[in-house]
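Given below, in the form of structure tokens, are the structures.
The following pair of complexes shares a single chain, subunit A, combined with subunit B in the former and subunit C in the latter.
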Partner chain A sequence: MKPLIIFFLLSFSPLIAQDVVIIVNEQNPITEITRDQIRNFFLKNVRQWPSGTPVRFFDMSDTREERRYFLRQYVKKTPREVDLYWIGQKLYSGNSAPLQISSDAMIAGVVSRFPGAIGYVSSAFTEAPGVKKISIKKD
Partner chain B sequence: MNHIILLVVHFVFMQVCLSDDRIDKLTKRVNELELQQQELMYQASESNSQVNSFIHDNLTLGGFFEPSYTLISGPDTVFQASNSSNLLGINLASDFSNKLRFVSQFQIGLAFPLQNIHNDPRYGTKREFGSRTFGSTLTQGYLDYSIGETTHLSGGVGYAPFGQAPQLRELVLFVRRGGPQILRTNELLSPLWSGFHFYDRLNIGVNNWGYNVYSFNRPEDPRIPGLGARVWWSSRDEALITGFSIQSAKYNHKIDEIVGADLKAHLFKFILTAEFTRHFKTQSDPWTAYIEPSYFIHEEDLLLYTFVDFAQSALNKTAGTIADPFQKFEYGGGLNWLPTVFTRIRLGLTLHDYIQDNDVIQGKNRDYTSMDISVGVAF
Partner chain C sequence: MLPEFKQTSSIVNHIRSVMVVIAFFILLSIMALYLSSLSTLQGLQNLNTANNLLNLNMQIMETVNSVEKNLDKLNAQDDFSERQYIYQTNHKLITELMGESFKQADHYPELNGLLRNTSDAIALFDAQRKMIIKKLLEKSAAEGKKNSGETMAEMLIARQLMLDSKESLRKIQIYIKQENDRKFLRIYERRFIPLKVTGVLAVVFLCFVTISGLLITKRVSKSIYNLLSATDRVAEGNLDYQVSILEHDEIGKLTSAFNQMTFSLKNNKDKLTKAIDRTTRLQAITAAFSQALTPEQVYDIIFKQAFESLGALAGAIVLLSEDENNLELKRLEGQSEDVYLRWKKIPLSSEVPVSQVVRFKLPLFITAAELINYKDVDINNVEISFHSEHAFAFLPLVISSEAFGAISFSFPSSKIFDQEEKDFLMALASQCAQAIHRSQLYDNAKKAIEARDEFLSIASHELRTPLTPLKLQIQSISRQLKSGTLETITPERLQRMAEISDNQINRLSTLIDDLLDVSRITSGKFNFKKEFFSLKLMIQEVLKQYSQQLSDTHSVPDLVVEQDTVGYWDKLRIEQVFINLLTNASKYAPNRPIHIRVTNEFHLAKIKIRDEGRGIAPEDRERIFNRFERVASRENVGGLGLGLYISKQIVEAHQGRIYVEESSQAGTVFTVELPEEKLI
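Showing the complex of A and B:
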């Protein structure tokens, strides 16, 4: 039984390692968020927080494996589908894709600067001044 | 001995103090560098498609270009090959505030358009590529005000939210060249809204719902604006979208309705788009319907598509005067290759099949086959 559990854990460890944590500016009163909200914020379907503060989403650089995981789990699209979505949006409604940032520290840095900012970082991220982690609420 | 111990303790203490001091300095320096890097990032703005202007920083520039080569041939159509069109679309958008934004698009074209496209011999000419023409048009230009989280009110002109195809007028976004016949059939929908456009999007449970209400002007009778509306539903991940659209306007002293229903499904590598549109009139009802299945045969860069597209243009007039009510099938398929996400190379084949009484006019067969080779690039 024990070898089986170890094998199971080892098999899924890369997936666990790719998990991401959602962070927002510490001034934001929310403590949890639904996957639908994340998706709508990312795709700019919703551009304001319930408080009226404008949403500013910061994406992870497309070289990061965690981004692929985030898009699959939260946006329900592949990186290519997301690229094509933003081409369509730019042509149809003028919306452009969120800024991509390479490191967790930089994402935390910019999220701490804007009250309505939201981003995601790798699960290995601990904490940074001016930002807070929020939990995922069931839809 | 005690002196030696004191000396060693003092030396170690000094080293610790020096190390702490050095670490503090290094930490400070790292923080400074990180802040500088962040400042550079802010200066780079939100996306690399944004440019700085004299008026406002948040100006988005984008667009597309599509040159195409078309070959046609038929029983009574001489084989011809032409660089039929070159279309450049420029998009400019600007966020003036968190709630107010401006969106625009204009298109500039240089083309050798097909003359007497339905090969009506009564017109006195044959179906053939004409001389070079060029022109530009405004397709979008509106101010959009965000009333709430998802509620918007726009004023100006833009693509009419009627079904699937009319909302994707940019040629690079169509699966097949020029899009379906719904956009080319006379007496059907007005492709642009003009005046106001009110729209909202709601997330209810696991579904997305939305609606549009807008005004427009029919070219045939621009004195009284018409009213259009659309209600749509999509699954949470938007893999399934369906909607019902209507346009109502005065035409020849009567109020007419144009009604449409559409469906788009994206399941794994399979995409299906289908639409139906009908103009309800008392005597003749022009209508069109198409179904367009497509499949990614290689990852997400090689799309194989087919389609069957029918149109009954009961009120069509050749040169605006000769009544030519035709019924026509278009069917075919092709391949879209996206070597990069911003570039699309297409090879498409379309069989234009006229049916019923107007298949042959004065001994001239109207059927023909067209082949398109085009490159689309979005930027």
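Showing the complex of A and C:
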């Protein structure tokens, strides 16, 4: 019931949308990323970085507005579509949805612990040890 | 030589080999069926393994879920020892299940990566878990029961790791399911393969059995038909045909036996033809012989036949001489004069083949190679080694088991005498012997008839001769009686007439006595009255008695008695012999002295009477003692020619001998030898 309400709220308040920043582990050599890459990493279509390190995507918990924005902007799916997608993935490929973390600090903390980690935080997020922001490469 | 035949028939052999092939085929079929269903069996086995793996996976999943649940509860709980125990138990279970999974996943090399991921994730999670608990313990010791953000992050990481492991496990599940589907599909798709293989094998098997059966039948019937066609040919009379042997088995053996049969049939036929041929030839020879009367004609036929039908190069006929010590060559064909001279007369005792043949009455066949073992004779009858390049056949001429001669034929050196040839030659020799014998008999009979005819004419003439003067005297007296002038005949003249008549009558009676003697001798009624008498006295008496006759021919007897013999003989007969020889001497050598010598050498009384006439040729010395034989021709000297014959018979009846002696002096010497017979 709760996601439905959120969805309802979100769909009727598109202007509230907040911008997000993509962060990776600081050991990661890349400096920019394309939207497609982000999408594929999120949907677990691509499981490895070009260097060979396994990709670990950390999602934001769906209570936050930034997630909706992220999904629309990068994944081009609604949260509901994403949920359905993961149900299907669980059945056909075994892939499970990325771990959802509520706070930006926690996301940064987890990303700093895995070399192939990638996540997104709100644009308000400043700095954190072991993480670096990367820019979106224009197509 | 017969080829070697197997005891078993080719049919049996073929069937046997077909059976072996069938057995082999069945074995192969079983193997093919097994191989065709092997993949199915393996697929089923794999499915079973997959099932086991899935079970294990579910258990691991459940355990991981329980671990997750435990992790959620970690925040609220104060006491970690129970949580830790649950963790450890679960972890142990997971490790065991993972090990089992690794073992089971041998058939799925692709799964190993996923399993390893899972176990890595679980190991990382375990390490994370330990660290979290450690931190929690430290925190609880330092700051009481407050969870810091750091611990929260660690918890999140642990959760992420958990997620990773669950993901891997799920992937494994999906993979196994897909694989199982694929496998099942494949098994399902291949469910008809064993059936198809069986069908194809059955068809191949049927074809093989049918074809091999047809082939065997064809092959076997082929050799039988082969034999059948051969029997047809033989039935048509073609004995030269030999059947080819197709198989070395019973039928082959039968075929070979059949070939042998036709071969021997052909041989027998040839032999029969030859035998008929020889019989025909022998018949021809016999027919020819029946036409031949004289030995010369017989010889002609023998050589003609021998040269024509036997292929002889040369031939000779030798016959035993009258004294049976020598072989005399009667006829020689196809040889040189030199050989004729060498073989003209061969002693019977010599070691040359022809003498051996006559002695042993057995034929002798000598091939060119064996010839060096035999002897020949040279011109002086000296034995020399046989040197020739021919094969020889020496055949005795036998009549009533006595050999009286031999025939020899020489052949080209390549000649080999087989039994048939020998038999034929012996048959020919037997025919020749009979023919020669017959011709000799004919010759003898002819001669005897001629001699008798001559004797008859001589005898009639001789008997008539004294009758003419006798008749003349009697006619003269009867004429005188008719005319009545009997008184005009002077006593001297009458005396003379009586004497003439008496002489002629004596002559007649002598002739008749001779004829009687001959008839006695031939009928074997020649009797002797033996008595002792002196040869000398006997001769003196005869000389006195015949002095008138001797003086008529002006023969002067000259008697020399060196040693007289008194013997036990028939006096009248010995007297007859002496008178015969004496009158002969006076008859054949008139106007010459007659030398008479009486001797005795080693109890053998001898009377030698020598005239000084023309003498007798050596070749006539034997002949004159035969009946009706005379030295001089009939016209010159009268007489029947019986005197010497009778004399010889008389002397031989006394075991003595009468012969014409070789003499250096002129004239003829007749010697009479009489054994001095002892009184028993």
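The rule is simple: the second predicted complex is superposed on the first by the 122 of 139 C-alpha atoms of A that agree within 3 Å, B and C clash if a C-alpha of one lies under 4 Å from a C-alpha of the other, contacts with A are read in each partner's own complex, and residues count from 1 in each chain.
In this section, a residue touches a chain if its C-beta (ideal position, glycine included) is under 8 Å from a C-beta of that chain, and two chains touch if they have at least 3 such contacts.
Please read all numbers here as calculations on a predicted model, not as lab measurements.
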Exercise. Tell me which partner A:D62 touches in the superposition: subunit B (first), subunit C (second), both or neither.
Key: neither
Practice problem: May I ask you to decide whether A:G88 touches subunit B, subunit C, both, or neither, giving the answer as first, second, both or neither? | Solution: first
Quiz item: In the superposed arrangement, does A:E32 touch subunit B (first), subunit C (second), both or neither?
Solution: neither
Quiz prompt | Dominant toucher of subunit A (residue count), subunit B or subunit C | solution = B
Quiz item: For A:R80, is the partner it touches subunit B (first), subunit C (second), both, or none of the two (neither)?
Solution: first
Self-check item: First, second, both or neither for A:V110, with subunit B first and subunit C second
Solution: both
Quiz item: Which subunit A residues are contacted by subunit C in one complex and by subunit B in the other?
Solution: 56, 90-96, 99, 101, 105-106, 109-110, 113
Quiz prompt | subunit C contact footprint on subunit A (complex, rising order) | solution = 56, 58, 90-96, 99, 101, 105-106, 109-110, 113-114
Practice problem: Would you pull the subunit A residues touching subunit B in the complex into a rising list? | Solution: 36, 40, 45-48, 50, 54, 56, 76, 78, 80-81, 83-84, 87-88, 90-99, 101, 105-106, 109-110, 113, 139
Quiz item: Once bound in the complex, which stretches of subunit C touch subunit A?
Solution: 149-150, 152-153, 156-157, 159-160, 163, 166-174
Quiz item: Where on subunit B is subunit A touching in the complex?
Solution: 34, 37-38, 41-42, 44-47, 49-50, 60, 62-64, 89, 91-94, 98, 101-105, 146, 148-150, 159, 167-168, 170, 172-173, 201, 203, 206, 236-239, 299-301, 341-342, 378
